[in-house]
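Written below as structure tokens is the structure these notes are about.
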């Protein structure tokens, strides 16, 4: 028997409470602007400020090659004569070094811009690697359950034993010992990204796994199973979209953490070379000049790092609250 | 299909869950393996166009039966046949696949049964696409619109997300989805217990209208006896995984035979008896892992005797009760 | 009727949200007398729980009382300072929530929670409080209370837990108990046990009860009077018999018709079309008018005030609810309303049709 | 008690005086151990355990040992101990094998007289005796420490953790990497200038923390004070910077050995084999600016691989002036008009501002088109890479102090041809600069007893190195000790802190 | 309970074995350890002899077995840098790290919980907002920079607190403690704050979030409805329930405090295991690295077990291990 609606002449629809304003189809962005998320965002001045700072710093970082007065990675552009100049407004300040120079005559402003870019790239790549790894493993663990789940989660336990810096230190130390001087800057970046990826995936995996286990039991998944969809299809089409919220929050916080981790690695001497400084390298270098009165070498990179991390953290915080239905 | 061949046949259906502690605990505490007989030898049949209702207290195994009937849960024993096709026999896998489209389920919580990230249109269209019933986006959209109208919504609602609807409207969407796949057999596991009485009335009426129009067959599960009375042509009463009484809707409510059925009916507060205090039956449903021997109802039964405490009564003539068999039932 | 234990006058509660101030309760008035059980029914979101919370002074922020007054035994309590209000709670007003599992702190033994409550409100010693706790548990029908008192909540079944919650609410012998859907989470058989218990205890202790529920059956069985709420107002209030058998407000009529009963056969249920408005979009005039089959011009503009329906007409200016147990807020019953469609007689003026889905 | 607290960036790695040739460690050993011949405050040879010595024949040195000297364990010091120590210091595993001539034979004359018999005359045979400390034979035998800690030892050497010398201080506590405590030895044979009862040594690796510790008065002595922090220390009021020329010369070396440069854009040949390229590198580096900016004026630009104070005629050498244009021209001439790329190895925690110097070099070379990939590493990894046996480097920076305080050491160790590795020369000639003439001169210098002729031969050698642009000397870095104003002590150019010259106002 | 302990013990052994295997396989990847052991001028033959005597020529699994056997006997090998048994080195350094981690944790827990509770109970006050903002700054600057700034302020400028080391320690058996001397206690302050700051922020935020959730639960509403005093509701009921999830996270954090101490120890020249580890990494001193990783894993596993036990003490629901909990 089949229900052919075409022939079934239907009664006028039952009244359904508040009249439904016919909604015009809208783009994803327009929908975002109309959403609760956006409304809550507009209410939070802090979140708006944080977003402004984040966007500004991202913009500055990724346009560094065009706006920086100097390419701090090109040794030919560094003049030793110009070393240790204070910022422009100080007594001995010299144009064009607005924020002064470091001990190699590197323009601090340019170095901060390029360093920001490098730190962000490492952070973003690190988050991408750990996120992909974590989500994939979390899905698999939550979906297959049983022995697969047990193995993944025990690995996660082992992993949790080692905080990011330990893993990064070990990976870095071993890689350097294995490859020696053959590691160029790009390889070092890759190494740091891999270390960060390897140490941050657990959080994603755990979150995704527990979400998958919750979602798997929900009736809409049962309904999909009833239709006969295969489990992988259900996982990807139904479950995955429902676990993106927490993943996004973790990603934000982890971006901030990854940038800090890179800086910390720098301090421990396993980060990027001084000739190609990230924010962390700049701070480590500048550290040496903290007592000598050449404060600008550490202060500006430090401020840039703190500002960036703070802004991203605030965004992540707000996002966490905004996405938590219980807090709305 | 002749009246002799019921639409759904359930035979000796059993489902056992292993609720043992982990192996190591059992070894140390010398505890035996523990099982929970959620469903134990349930048999009934549903004729085409009929509404068969299952009632019983929480934990009596109603949902487990429903999930086995639609094939979401493999039975530990017994068989479910729908239009003669076994839901378990591997030889009938191909036939079963075709059957799939005709069996659908409506869940208790309409919100949980819809993917919150999907638009209503996609939700309703999902079975159509999955079973490849209609080709072409425009045709699918038209069909979804028609389905939404069928359940009393507006075709434009297809563009919204589930959260934009009230509980009753969501349950309508769930029904529209169930109907999308040319379903003729709907299993409703407490489809209205999450809803207000007034909305419940809307949904119950809708379900009956659809049944009248489309000739649907329902397996209807509820713990609300009044709702069951309203909906069912036949009723099965479950207690601790067993069917204790089966009968026509009127019969059961007017002339209940099993003491448990009587107790349940007595416990229902009724508008007709304002201010009357009910005679509550003592006790609660026992732990299903460790059910009492004999008739599982015996600890709460006013008619229990030694036989009830040792011998499990068979379902005969629509009731599984020694007292009924022995004619000890008070009028 | 003697001086009521609880007297609520023109109570107004609003939630300050980012979408503005939402009036969840808008002018609710009622009384509960000593030993009386007032049932409060209505659709989800009608404001039943908010009314209860307002009375006990536990509105969740951002909700707050924006008007009206609440008197307990003649004393005004909605304006009490927090510390004095705290002493009213538990001591003079007890509360029972819907879900007995989540009402009890999972980390403390049942006995600890009862003793804590008793000792907060009385001067009893720890020993005496414990003895009293055991008595209480025995009173609510917990077998072997001296053993179970040291159990944790998760070791009790649902019905047992709800008994513990009742024991807790009764611990300090309050004058009033607010029971917010005390049986919704329970099975019918257990529900009957709990309701019977509650009724017995209240009669014995002379406690007044405000019984909030969805279930008309429970109200019919337990309550003396019933208030039907709709969209933050009381649509109709009166003795159970009258409201159930002879509802006047069109909403009450619809509600009664929508309830399937055991005795009634399998005919169609009456149904009220549509759904209750959200707080953000409460229609002007009578909030029920978009769904009302008897709507007429004035309903769309004027908000109906409660009209006394039992005794003398209330137009004399006396407070309708204070001395009168019955009232209905509908223009149909306003003798002044000239354009109303049908007079209010003995028959219900409105009827909802169980119309079948039409097939064109 | 009068406690002197001091901190160094590195550690006293082992208490075995033959295990590591490193200035600070040697200086610390010198508080507990003593040598036959020591060096005084002006680095002149002075008697210590040998009261006097003479050379009855050119190949025989006779040492008259001090009497009534006791080891810290209470046993007496005798000729046996000297003979034992001479054998131990030249045994496998010792880092000081070259301090005592390998052909020398030690002969006991009596309990307090020892002869050293050489195969051929050697005027500087005892120049390195000051860092050859005498150990107790009975103690070593009792504790199984007769051999210097062997590399493969599965259990730790007793001598690495315990000390038994004759010196004025006893080491009462030694936690490797953490702290070491020295206490006055009551049974010391002589008078000690120091009024310190106890000296506590701590490693503080982090420069900022080290300076902070000095400024806050928690330590009385630190080394080094980072150049940039010196003004701050000076102005603090409770400490001063003791700066002085150091004997160490910092220089750049180039791989002139491999046929193809490692990690370079040039394939199939080695540009450094062409003297014009080496000259171009030399001329492209503006050492004056490095000394002024990177070293903040605390370095002496040097034309030689040896400190001026160690070679009389050093004044005759001049650094060729910085000339980037000429450098560029030379490169073009050599066939690299667009320059080339290569990797430079550099330590980052060994010499004063070592990494910064390398960075400056990198940017100066960039200006003549040479792209340098800088590989700066901690010293442990750096030396493991660039030293024997791999000599895995194309271009590197090292600093060198001739342990004999003599130019021969430079001609032999730094400029000697490595050959097939068996010559013994060129242990630190990492790029294998090789000139047969220099080798010949080095041999001549070794046996030359006439100091004038010797100086001329040395000059010839240095001229050759400079003429062939074999190395690029940079500068002598300055010593920079941070010293509390309460403390008086002696700073020798060899950068060794000698505890027995330390006094502190209680 | 016994079963639970046994299972956890078994899992711990598995975790440790995996860590051991990882640690061990680093020997393979880090290149020839002999190069790290001998000096530059060691002849090839001698190197081969060392390699043979260390058993490096055996198959990997044989080596792992031997390593595991040695570790079980408490023998972690000899440090390349110090030429001393790793076990002795770590034992000597362990008290310093554990005391530092203990103080940092106590600091993080007390301050974090206090501030978190305050922020949850008075979420709209200026002070609560200030706490939250300041705590974020704490995680926005790298630990080492914070440490150096603290030194700059409290040691150099104000001269109140020491800038490095442990001060005077007292030896109790093999344990050295800084708790018994004034200088030792003073020396603990700055490193503890530096190390604990990050965890403190985490705990504060966690407590705040959890407490806000708990305050919304029915049993808190019911507790209020019972007329309990605000104090009893907040601290007797809300805080206790908040602590259940906090314990897990705090436990995990405790493990990372020990690992994080490597930075703090570097900045403050704190003579603990972390400092040793950093030096080991820089010098590719694999025996130390491997043993340190094993030790951290063991500590972590122990803490986890302790946390789980504590859990059951706090939450009676977990004491029942039967399947019939509702």
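Note that the chains are named A, B, C, D and E in the order they appear, and that numbering of residues resets to 1 at the start of each chain.
By our rule, a contact is a pair of C-beta atoms (placed from the backbone, for glycine too) under 8 Å apart; a residue touches a chain by one contact, two chains touch by 3 or more.
By chain, with names taken from UniProt: A, E = ABC transporter permease; B = ATP-binding cassette domain-containing protein; C = ABC transporter ATP-binding protein.
Everything quoted here is computed from the prediction, not taken from an experiment.
Asker: Give the chains in contact with both chain D and chain E, ordered by label.
Answerer: Touching chain D and chain E alike, sorted by label: A.
Asker: What chain pair has the highest count of contacting C-beta pairs?
Answerer: B-C
Asker: Compute the distance, rounded to whole Å, between the mean C-alpha positions of chain A and chain D.
Answerer: The mean C-alpha positions of chain A and chain D differ by 48 Å.
Asker: Any idea how many Å lie between the Cα centroids of chain A and chain C?
Answerer: 51
Asker: Give, as an integer number of Å, the spacing between the C-alpha centres of chain E and chain A.
Answerer: 25
Asker: For chain D, write out the residues touching at least two other chains, lowest number first.
Answerer: 208, 212, 215, 378, 381
Asker: Could you tell me which residues belong to chain B and also touch two or more other chains?
Answerer: Counting only residues that touch two or more other chains, chain B contributes 152, 166, 169, 202, 213.
Asker: Two or more other chains in contact with one residue: find those residues in chain A.
Answerer: 8, 10, 14, 16-17, 177, 269, 287, 290-291
Asker: For a test of understanding, state which residues of chain B touch chain E in their complex under the given definition.
Answerer: Touching chain E: residues 19-22, 24-25, 27-29, 34, 287, 289 of chain B.
Asker: Spell out the residues on chain E that touch chain D in their complex, using ranges where they run on.
Answerer: 35-42, 44, 46, 49-50, 53-54, 78, 81-85, 89, 92-93, 148, 151-152, 155-156, 159, 162-165, 266-269, 271, 275-276, 279, 282-284
Asker: Which chain B residues qualify as touching chain A in the complex?
Answerer: Answer in residue numbers: 70-72, 97, 100, 103-105, 107-109, 112-117, 126-127, 130-131, 143, 146-147, 149-150, 152-154, 156-157, 159-160, 166, 169, 177, 179, 181-182, 184, 202, 213-215.
Asker: In their complex, what parts of chain C are in touch with chain E?
Answerer: Touch residues, chain C against chain E: 56, 58, 60, 82, 86-91, 94-95, 97, 99, 101-109, 116-117, 120-121, 152, 154-155, 157-158, 165, 168-169, 171-172.
Asker: For chain A, which residues are in contact with chain B within the complex?
Answerer: Residue list for chain A touching chain B: 1-3, 5-6, 8, 10, 13-14, 16-17, 20, 22-23, 25, 218-220, 222-229, 238, 241-242.
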